[in-house]
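What follows is a group of structures, each given as structure tokens.
What follows is a pair of complexes built around chain A, which joins chain B in one and chain C in the other.
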Partner chain A sequence: MSLQEPTPDLDPGENPDGTLDYDELAGLLGEHVIDREQHENATAFVVRPDEVETVLATLKREAGFDHCSCVTAQQYQDRYESIYHLKKYKDPTQELSVVVPTPSDAPLSQSATGVYDTANWHEREAYDLVGIEYDDHPDLRRILLPETWQGHPLGLDYNQKKPQIVPLREHANPVEERTQVPGDSDTMFVNIGPHHPATHGVLHLKTVLDGEQVVDVDPDIGYLHRCEEQMCQQSTYRHQIMPYPDRWDYISAGILNEWAYARTAEEMADIEVPEYAQVLRTMSAEMCRIAAHLLAVGTFALDIYGDFTAIFMYAVTDREKVQNLLEDLTGQRLMFNYLRLGGTAWDLPEPRDEYFEKVRDFCEYIPERLEEYHNLLSSNELFQMRVMDTGILPPEEAKSYGCTGPVARASGIDYDLRRDDPYGYYDELDWNVITDDGCDNFSRALVRLEEMRESARIIEQCVDVLEDWPEDEREIQANVPRTLKPEPDTEIYRAVEAAKGELGIYIRSDGTDKPARFKIRSPAFCNLQSLEVMAEGEYVPDMVAALGSLDIVLGEVDR
Partner chain B sequence: MTLPDTISGLLGIDGVVGTVIGAFLGAALIGTIMLANAALAGPWAKRKITAAFTDRIAINKLGPLGLGHILPDAVRLLSKELIVPEGVDRPAWDIAPIIMVFSALLGFAVIPMGSGIHLADPSVGLIFAFAVASIASVSLVMAGYSSNNKYSFLGGLRAVAQNLAYEIPLILTGLSVVLFAGSLQMSEIVAAQQETLALGPIGIPAWFGLVNPFAFVLFLVANVAEVGRNPFDIPEAPTEIVAGFQTEYSSVYFVLLYLGEFVHIFLGGALIATIFLGGPAAPIAALSVVPGFIWFLIKIWGVFLFTQWLRSALPRVRIDQLIEIGWKGMLVLSIANLFLTAVIVGVLPS
Partner chain C sequence: MSKEQQLHDTLEQAQSNGQSTQADRMGSGADERFNSKLRQAFGSTPFILTKFDQFMNWVRGNSMFMLLFGIACCSIEMMHTYATKHDLDRFGAGVPRASPRQADVIIVPGTIVSKFGPRMKRVYDQMPEPKFVVSMGSCTISGGPFQEGYNVIKGVEEIIPVDIHVPGCPPRPEALVYGVLKLQEQIRHGESAPVTVKPYELEQFGDLDRDELVDELASEIDEEDLVMRYNWAESP
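Entry: the complex of A and B
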């Protein structure tokens, strides 16, 4: 019997205190690393464009970087650059960026799709918006813009003023050739969406059916693309960007999204946010999470029941209550615009006691209501029959597709940035990360339901803290210069736990008051990619259920 | 005495001419009653019932309880443009909605509604009602196949699969009642339920639904599948295949399909009322002062309420689960029920 602590299982390049030893990692890769850069969040290894797959495969297999969080592409005056932001599911603070420069005249880089499935869509987006081509990519098509689009809008040489002229014949029937199936085939091609009762917005699923079973599904997105990245690149850090995040995941997750930008920009400009403001942020963000999850559960029930039933109505009624709280706090019901760099827009509404009482009532009310939802949904046998063991997403697939948020947690992946990469006031509070090993549609709904309980606990503790806060120390805003001009060539990638998962933002500054590159890592975008895994071989109704359980918001998918 | 005879007697016309005129007038009367019921159910009652189940208010602006919405809704639906998609199979596409309403209305010809409202009483009444009700499946297939739309096509196929799976249990369960009544004639079936069963001190009516509750439940379930309501609204399944067989229909044709569905629910209700709930009879003798026709309406609306309740409460099952329930569950149970009933009916008198 040994009393010795077992040696923790360390990946190569990992220090016992949870930090990374980049020298050891570089040693692991040997001469593949041709240079090193220092980003604000991590060290970046520069590698040659024809060695991407080898490098990433080594990092994934040997150093444990199993989470390709995001792929950022950008164009410099003299080169193109793809950045793979790598993390670990077991500890997302262990970050590493892999920078792949490609020459301006031939931007061809090796694809990472063979290593991370999630790179597929990210690289398609990079090709679509920036114009980098990826060698060996299985399906390098445009993803957000129409296939007839001319040029790459985020490239430096793109002429925004030039009208997009598409001859009528190219648009006569844009889906015709894609709907052709071989003559002797027994399958049927169906366009599900963009106008369909179950697609939660303008999603278009190009589906091949064998009878009622899904043989192949290819989500076609971009119908709601509003150039959010470009708009942010044309806005100033200090004030103009903050309203945009509200419009990404617009299903009342506004403050969660704003926090993603606030966290990134604050870390970039070294702004220290007052503790009091962090508590306010934590409380309001969790209110948003409850509102978002309520709608997710309500619409999921709608997809299964096929009708507006009591569950949907109850969910919307309860969401109304939390929206009223948010309205009292921020003055808005949907586009909150409540956070500011270095703090929040304003303090709690007066009289404070009245507001605290309302919030407390709501926090006590949520667990009662959850009993009702469990009675209506999770303990309903017909409901179980429909959603259990359908839409299976195995944990390994979920990791490879970069799934995060409730989708990952329902596949048994214990990953929550609020705990694993703490920000705000979360690490001072007592709450749990909900996970479930079911991997099916049922688990995903269950995780969301239970997360509401935890969110209510967080809010309650925040109220306790706020109540006891000394009156003369209620500082809601740090000193932030009127114009923010971060050092040129500062690069940072930071993420927060939004309602749908990891919402990350990459910013590169060029010394002006506007970002040179602003990239959004949307959780719904990554989660939606895994629909293929869940749906193939299932029946159409199960695909619809899987889509509902993913809880995508097209505003966030398409940005 | 059936309704045509009553009418011709009232008009004082004898012979063939009297029968023909009486039959036409009687059919018009029954058709109007049932269409009025469907008009009340479709734009008004359905909304109000669903709203009550889901904690809402629903229409309440025009008239008492929002009843005034029926008229503008009818005008709105009928004045919409009739969009005929390119490539539809024209005669079939036009005929399908008509068959839908027609088949459902035809079934009421043999239903005794009490107070002398009974159009015809053939000796094979029950079989006739089942037969014409099943014609509706033909119209669903026609609508689905001729629409030249993949969703409609899937809906049509689902409708066939569902009707095949549930019509057999439905009829087999109906037959178990025939064993009790000893007749296929509707008036005989109703008459057989008029006695009172003494259950200790209390007397209950000898309705077959109370005599054989097992068959009653089976029939109710099969009937829900037959009329395509939750949890068996597979042929329409809005969140899966948009609107199934009716995806391409608009305006008058849509109204016909929609109306047909409601008339169909009422026909299902009428069959349940007739063979399981004593037809137009009052539940206890003391209430016999209320006319039989009122009791009949209460019973069919009760069944309608039941379907709406299911719709608001139960998730839709998946197509494969539906077929499984039909063939592996309902069929077996209904055959078992039929044999058991046969044995009991054969043994009891001796």
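Entry: the complex of A and C
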């Protein structure tokens, strides 16, 4: 027996207090690091474009960076740049960016798909919108825009007035050669979507079936790519950007999205938000989470056994209730536009007591109602048979695909930014992160149901705090200049826990009142990538169940 | 007297009066349930005299099958319009159909982007005549908040003809209900909305006028492939 104190299990480059020692990390990479940059959220290592895979593999294997949160691509006057935003699932505050510059005339960079599966779609998007090419990428084609598009719209020399031609084709079977035994054609190609009730919007699944089993599924997205990043790059920080986040995840999750932008921009401009406003934000954001999860549960039941009458209607009825509360608070049912940089648009509606009473009633109502949902849904044998042990997403795969939110938590990954990277008023309140080890469609539904209970708890505690708040200290807005012009070349990546998972935003400023690059890391985009793992080898109806359990929203997938 | 006895006596009494139990329960006039207010207004004649077209329009306006067609944010409000509380069904217009072949009305609830344009045109073409279009939300009117986007069609009218525009971002369910009611009114009166924009067509690639762009894509697209050509510079 030794008297030595047990050394905590630290990754290389990790200090005992949970911060990162960037010098040690740089030492780990040796001369691969050719330069260092300082971003607001983390230090960035600059590496050569032909060493990307080595560097990322080392960081993942030896330093524990198992979460490739986002890949940002952008064009400067003299170069292109890809940024890999790395984090750890065990502690998302330990961040590191890897910057890969490539020359303007030959933007060719090594792909990171060999290390992180999630890089696949991110790099396709970078190729599509900015025009960087990735060497060794397994499938480098356009992802959001039609395959015949000319030019890269977020590049600097793009001409938006040029005409474009978009084809409407019957799709050929992409795996015909791989799966066909000569003389015995058994596979069938099926287009599901983009107009289909089970795809939750305009998603197109190119599916190859063998009998009723899915051999290959290739989600074809971009049917709702409405240039959100361009819109934000054209708008001013102070007021014009805020309405757009409402329209990314539009399932009433608006305030959660607004918070992502508010958090990023506030940290960039050093704005201190009054505590009272943070409580208001926390309360309204959790109301949004309940509304979003209700719709997820309702449409999931609709997908599983076509239940358009009971659960779907129950869910919509309850959504009406929470939307009424949000409408009282913000004046809007769906697109709230309630947060402002440095605070919120206005205080609680008068008379306050009446509003508190309504909110309290709702918080008491939710747990009762959840019993009902459990009776109707999770204890329904039919439902159980359809969703238990289908759509399995093992935790390792989930991490590699960058899954977050309820999808990751249902695969046993204990990851929630509200607790792990605290913001707002969450760390003052008493609530739990819900996880489940089931990894299947059933667990994902359960996690969402139980998260509603926790959200109701959070709202209730917020009401307690708000009720006792002294009247003359109800400060809802910090002092923010009329025009925000952050220092040129400030770069920041910040994320919040939205309804679907980690919603991150990268902003680079150029000294004007508009961002030079605005990149959205959408949780649904990353989660959707894992559909392949969940669906291949399963039956078609199980694929539909898996898709429903991912709870994607196309506005956020396509942006 | 026990309750059962009471009930028994009442029943016996009713039967001896020559009345059915149902009539007894419902009171007089139960058999006249087909004799509606409308029927009474007609008086004794079982015939009405009207123009066939007018009659058809009236019928059409009162029985509309909507296409289950979700695109973006507005579709959430559209779902709320169909569901409890707002219940579009009350107005004879709430049967969502998943197949365009069974639908009369298409509500377009969201931003149309270049990739979706040809698909929406295809869905619209599959609907049987007569068909009607409600454009829901600002995006379907002009592109809305995304009007300046490189990928956004500046209004659904650039692709299919529209009968009713419902403005808002998104319109409230009440607004959509009002829009649908206005459409019903229009149909009943046999009115139609004028088309003011020359829409983009789905045509074969081989039929396009040859220019630089067409030459460039000639190796990628077959002559017979259907394509939609967007002339962004001429968009409103």
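One rule holds for everything that comes next: the second predicted complex is superposed on the first by the 533 of 559 C-alpha atoms of A that agree within 3 Å, B and C clash if a C-alpha of one lies under 4 Å from a C-alpha of the other, contacts with A are read in each partner's own complex, and residues count from 1 in each chain.
One rule holds in what follows: a contact is a pair of C-beta atoms (placed from the backbone, for glycine too) under 8 Å apart; a residue touches a chain by one contact, two chains touch by 3 or more.
Here the structure is a predicted model, which means the values were calculated and not measured.
**Student:** Figure out whether A:145 sits in contact with chain B (first) or chain C (second), or with both, or with neither.
**Tutor:** In the superposition, A:145 touches chain C alone.
**Student:** In the superposed arrangement, which partner chain does A:197 touch: chain B (first), chain C (second), both, or neither?
**Tutor:** both
**Student:** Who does A:385 touch here: chain B (first), chain C (second), both, or neither?
**Tutor:** The answer is first: A:385 touches chain B but not chain C.
**Student:** Check the residue A:320 against both partner chains and state whether it touches chain B (first), chain C (second), both, or neither.
**Tutor:** Touch partner of A:320: chain C, not chain B.
**Student:** Determine, under the contact definition given at the top, whether A:302 touches first (chain B), second (chain C), both, or neither.
**Tutor:** first
**Student:** Name the contact category of A:163: first (chain B only), second (chain C only), both, or neither.
**Tutor:** second
**Student:** What is the contact status of A:312 with respect to chain B (first) and chain C (second): first, second, both, or neither?
**Tutor:** both
**Student:** Tell me which of chain B and chain C touches more residues of chain A.
**Tutor:** C
**Student:** Enumerate the residues of chain A that count as touching chain B in its complex and touching chain C in the other.
**Tutor:** Shared contact residues on chain A (touching chain B in one complex, chain C in the other): 196-197, 312-313, 317.
**Student:** Can you name the residues of chain A that touch chain C in the complex?
**Tutor:** Answer in residue numbers: 145-150, 153, 158, 160-169, 194-197, 200-202, 222-228, 230-231, 234, 243-244, 247, 250-252, 295, 312-313, 316-317, 319-320, 333-335, 554-555.
**Student:** Provide the residue numbers of chain A that touch chain B in the complex, in ascending order.
**Tutor:** Result: residues 188, 190, 196-198, 212, 301-310, 312-314, 317, 380, 382-383, 385-386, 539-542, 544 of chain A touch chain B.
**Student:** Within the complex, which stretch of chain B touches chain A?
**Tutor:** Interface residues on chain B, with respect to chain A: 50, 53-56, 150-151, 154, 230-231, 233, 237-242, 311-321.
**Student:** Give the list of chain C residues in touch with chain A in this complex.
**Tutor:** Within the complex, chain C touches chain A at residues 68-73, 75-77, 79-80, 83-85, 98, 100, 110-111, 113-120, 122-123, 139, 145-146, 148-152, 169-170, 172, 202, 205, 208, 213-214, 216-217, 220-221, 225-233.
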